Amino acid sequence: MKRYIARRLMQGAVLLCMVATIVFFLGRLTGNPVDLMLPEDATPEDRAALTQTLGLDGPVLDQFAIFVGKAIHGDLGMSIRMKQPAVEAFFDRLPNTLVLIPWAILLGMLLGIPLGVVAALHRGSFLDRAAGTVAVLGIAMPSFWLGILLIFVFSVELGWLPSGRMGGPAHYVLPVITLATFLVAGFMRITRSAMLEVMESEFVKLARIKGLSEAVVIWKHCLRNALIPVLTLWGVFVGNLITGAIVTETVFAWPGIGRLTYEAVIYRDFPLLQAVIILKSILILSINLGVDILYAYVDPRIRVT
Amino acid sequence: MFRHLVRTTALVVALAVAAAAPVRAQDQKGTLVFAVESLGAQTLDPILEGRPGNAVYQAVMYDSLVGFDLEKGGVGPGVAERWELSPDGLTWTFHIRPGQTFHNGDKLTAHDVKFSLERQMGPGSLASAAASMRRTIKSIEVAGDLTVKVQTTSPQIGLPASLSRAVAPEGAIMPKAYIEKVGEEEFRKKPVGSGPWKFVRNVPGDRIEFTAVTTPHWRGRPHFKELVMLLVPEESTRVAMVRTGEAAIASIGPETMLGATRAGLEVLSVPGTMQAIFQFWGTWRPEVKDSPIAKVRVRQALSLAIDRKQVIEHVMNGKARMPYPFATFGYTDFFSADRWKKWADEAYRYDPALAKKILAEEGYPNGFELKFANTALPGTQFMVDIGTAIADMWTKVGVKVTLKHYEWGSFAPLERGDQAPLTGWASMYRTAGRPDAPWRYNGAFSPDSIQRLLGDKGNCQEACQEFEKTYRALGSELDRAKRTALTDHMVEVTANTWTVIPILEGMGYYAINTKKVGQFAPIPGRHELGDVFERIPRPEQKPWKK
Amino acid sequence: MTPDTSGETVLEVRDLHTHFFLRRGVVKAVDGVSFSLRRGEVLGLVGESGCGKSLTALSLMRLLPKGGARTIKGEVRLGGRNILECTPAEMREIRGRRISMVLQDPQTSLNPVFTIGDQLREAIVRRRRASGVPVMEEAVAALRRVEIAAPEQRIGQYPHQMSGGMKQRVVGAIAISGEPGVLIADEPTTALDVTIQLQYLKLLKRLQAETGMAILFITHDFGVVGRMCDRVAVMYAGRIVECGPVQRIFEAPQHPYTRALIASVPKMTGSVGRLATIEGQPPSLMDLPVGCRFASRCAHVEQRCLDAYPGTVRVGEEHTADCWKVMPS
Amino acid sequence: MAVVERPSSTDPVAPRLSLWRLVWPARIPGGFRRTSRVPWIPIAIISAIVVMALFAPLLAPYSPIDQTLRDKLLPPAWMAGGSDKYFLGTDAFGRDILSRLIYGARVSLMVALLALTAGGGVGLAVGIVAGYVGGAVDSVLMRLVDAAFTFPAILFALLLAVTMGQGLGTLVTAISLLLWASFARVIRGEVLSLRQRDFVALARVRGCSAPRIMLTHILPNVLNTFMVLVTLNIGVVIIAEATLSFLGAGIPPPTPTWGLMISEGRGRIADAWWVALIPGIAITLMVLSVNLFGDWLRDRLDPRLRQL
């Protein structure tokens, strides 16, 4: 297990280097943030001065060397737009996104797993197709569209819920629903297929031979096994959610890292963009590693190897 | 008798209390929530923020050396009550309004003004005009507590305007003693200004909170107790928040206006905030010589093909106006506005028949292929819609429009260097509403400017030379009448080249929940509300008229 | 190995029909199977793959695979009661306690995410509900009974930590923990190594002797039949074609199919999984002939074989065969 | 738990008749197994949209980009104020929504086709090579796949859009980058198991070259899986297109795409709901249908495929 983790960490480091390099050069291709900071009638002189002030005037390769040198020491530069260390800006906003994600996953699972079980139990029947349709509906709607519709219905027309911003529990409802609908289909599908596989297995037959009740057979013997693949999806889903948060956070004016990333692109805030993508990758990698370790505890077969 | 006296005294006391206390309590109360699409850099240090952000949220807590004409728009008194130019044109003297204080109690003096201007020009400043200021300002002297003298290297007629928030953010006045005492870092965390609102809290990516000053302020004493500015990037969400009352005011685009009105919201429009224009790139270059757009009359025909009234009515929902010539507005300084208004109404009319005729005469009876870059500058996303609309109108007179869309960040780099990607193209562009026309003209037409739409140093022909001459003359002309004549001439020379063609004069738009705020008027030409909040009444004080 | 004919009948199967209803048609996998099982007896059920052996077993457990399998006719009398008429709840009471089963593949028969102890305890707890004896001790005892060394340690282990043979013993322990009167063993040794096979068979024998349960032993291995069984039933294309005491079947097989089977197994050691020596294929279960199902492969086929199915003919004591050509005794 | 009791093992003699069975007559007593019933409704919807895309110029009553500003924001014909000229109403430029919807199908499907060909093709190739060749090649390719999974694809698309400018090419590139890794991962898994099979071993014994084996033995055997992946990912592409339009990185106006139509109409839900709602419903129906069809296809062709 230790060797496994060590290997994963090494792989992660390599990945990060790749990601950092790609982001750096891709970012530099996209133009100078100075253009977005100056008014349209600025003089060339003002432009040159500002470029220099921001340290964007050297050759790209030199800039890259400086970036790498600093990055090794954990310094990912200052946000150009906010004049704040980029790492700090990221961690300022990270909690706001992290408070959203567990609820979204929880809601996604609460809807997706029972739907998957029901679909598996009634494979091929009307219920199966109905459950599948409901789940797929979640990925069939663009989330910004869903978000805007939800705001229109629940906050403007009905006045039940606030339309945006962070705040009390009520503020969480719509963003969490928007994020979760996206996950239901995934959870439902994997639960269904895992359940189908498990339900045909010999050990379930043996459980029945023992005379266990159907409830125990399904919800204990089958589901516990079916949950293993569900768990592996977590890593993927958290990654998706962090990316998906871009849209949701924009629609609901949620000051999280999704929104921050989008702003970094739009304002050409290179240091911030680099920092955000690198830190996000670290986040996704560690969540995946965490899920794998957790996986080992749920599935005893992996624990030893 | 005694009893009577007691009773009277009690009554008097009660009345006095009743009179005094409620005044205080009623005077400032409630929270004014403003939802805005962008909070810029969201920093409270003026030297780190550009113009729009400064005008949105820094303006509420900082005063500018030169202020506004609240009625007409353009320049007016600010921290300085008045200013004058020495006869040689090299020294501006600013007379500071007495009795101003910063939020920490310090008096605002000439020292703060000198400090602030120098800080704007200093090395750590991201002010867009920092370099220009360094070049033009020779020295800044404190001539008494309330007098500042600014010496310039050459006559700078436009200096006061460039220190007015009507034009630029560089005039923001910061507290010298405070910054020197606590240092820059601390100042950025706990900023202190002299405006009618005090800083409370800044939550990055979410909001900035202010509280009203309780003492009288020359800009006006706020009617609300708190002011919260929310960052809500998605427009439909902003409108939803105004509808639900989560926000009182939200910035919107013209496309949302109709919906907001139908939903029972008040829609406020700020006249003269920008001009949407289209312009032709590198028409003077030899390689474009044979291209249709190198011909003045073809360019004019393209303008005649645009039905501006339709665009105003349907794209801008009626909340826009026929434009003046390029970069000029009703409030433009030293400018014969009425004359040009008449001229523009004629010149910018819709005459597709004439347009087709001209095209035929110029040898394009079947139209030609026009490459058109559609783009929108930050904050005016509707420019894309205008571009789409005029491209369609050109199609209708037989021009084959090749439309390419650019996000602003990728368009801006194209106009620099040899402009190869843009040469021979037409594109959407914009000019912000500000009173000094020459500055903007210089940026568009000067042979050493970035855009150099009439020619560059190596290839400056008739119109280009004429512009150059007029602009130079304007730089040192102190006489009002002559200055106006020169400005008019500059406008005429360039307008007749049909290289930069206004489409419409745009406005700033706000959706307002009338249950949350009372009626107020914006400052003409000033899109952002940063200098307006203190004058916004509570709904019970001045209800909106239906 | 003389059959003990004195024991009471614990399981009686009469005219069992279990068919698969598929879109393409009906697969008559079990089509009129009858046999009986006496206390303390081991009945071997032998036949090629796909002849319906396993489905017969599952029909008895009423654990038919999903997807259209239904028992449409017949009787399964367990202690005098037709369990095909039981409600699902009653059936659960019966499973594990009256009739139990050992599955073919020990690798997949145990739930990988629970410990051996957990899975054993589930069976024990159900049987004893409020028993005073600690369940744990009983689980250990159950493991010891199936000859697992160091059961105290094993009980906390997961299935993947054990060998195949050991797992099959655990499965056995679970199956008999409810002290069932009938145990169905569906090819329990097929997946095991030859040496372990022998051990396991011995264990089964011993357990049977101890508890007196009846075993329905399903196999395609005549060698195992000889070692384990008192009687044997030969199944072909959904029906039992011959049934009798082991010795008689070996010495004097009556049905041509049985004869072919035995002939193809030199010295009773090989398997009959794939019979290369019998020409042709078994008939499609979806499209069974009217007559004898073996007719298409039988060397002695006659017209009557094709025209009608031969009845079950008693050919000796406890010995029957379904063939037109056998002589009733 | 009566629900979970298998109907097949209930009383064989007299199957219980329940209301449910009457309502759903397919489960008549002794009825046949009903798995993977052909999803006719989704197939019909998909066919309709494909027909719309193919014959857009014939079907659309108007040009999708011609503006009639005077007729802007007309509601659908059946509503008060609607005009018979515009069955589904008009948008803010007075363009016919029905025509834009029809042409939008064309653009959306074009994007899907190109992105799936490019992204899916690369994924297929990478998956086959990684799975078959194995060793260092496999490790390197799979690390690349991991990197692609770590890298937020939407951001990548945004970056590309601001770098290369918006357009079909950018969009297709961006979406392909989003797709290839998941294709590669699934295909590789398939190939790994195929490699163990006899016919591959036989081919190797016969002396077939590696490329030949990959092309003639492996490729045909993963095509089913590939088709299922393609089908299920059509929805992913359509949603990605819409999302990128929302973020301002999709196909620029005035070209009609469904995503752009929603994006342009999203501010008007209160007063002109049809502008955003109609294309939204179209997207939802299409993606739903494609997914349901894909699910069915997967059950038919490749039941082992788990998700996505």
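Annotations for the structure displayed:
As written, the chains take the letters A, B, C and D, and residue 1 is the first residue of each chain.
Keep in mind that, in the parts below, a contact is a pair of C-beta atoms (placed from the backbone, for glycine too) under 8 Å apart; a residue touches a chain by one contact, two chains touch by 3 or more.
Quantities reported herein were computed from a predicted structural model and do not represent experimental measurements.
Centrality by C-alpha centroid: the chain sitting nearest the overall protein C-alpha mean is A.
Among the remaining chains, C is positioned farthest from chain D, on the basis of C-alpha centroids.
In terms of C-beta pairs in contact, the better-connected of the chain pairs A-B and A-C is A-B. The distance from the centre of chain A to the centre of chain B, with each centre set as the mean of the Cα atoms, comes to 39 Å. Between the Cα centres of chain C and chain D there is a gap of 49 Å. If you average the CA atoms of chain B and of chain C, the two centres end up 90 Å from each other. Averaged C-alpha coordinates give centres for chain A and chain C that are 53 Å from one another.
Shown for chain C are the residues in touch with two or more other chains, namely 63, 66, 88. Among the residues of chain A, those in touch with two or more other chains are 30-31, 123, 148, 152, 156, 213-214, 250, 266, 268.
Counting partners per residue, chain B has 236, 243, 263, 409-410 as the residues that reach two or more other chains. Here chain A touches chain B in the complex through residues 30-32, 35-50, 53-54, 81-84, 89, 92-93, 96, 148, 151-152, 155-156, 159, 162-166, 250-253, 255-256, 259-260, 263, 266-268, going by the rule given at the top. If you check the complex, the residues on chain B that touch chain D are 235-236, 239, 243, 253, 255-256, 258-260, 262-263, 310-311, 313-315, 374, 384-385, 388-389, 391-392, 395, 403-407, 409-410.
For chain A in complex with chain C, the residues that touch the partner chain are 123, 199-214, 216, 221, 224-225, 228, 298-301, 304. Per the touch definition, chain C reaches chain A in the complex via residues 61, 63, 65-66, 88, 92-97, 100-101, 103-105, 108-114, 122-123, 126, 158, 160-161, 171, 174-175, 178. Per the touch definition, chain D reaches chain B in the complex via residues 65-67, 69-70, 72-73, 92-94, 161-163, 165-167, 248-249, 252-254, 266-272.
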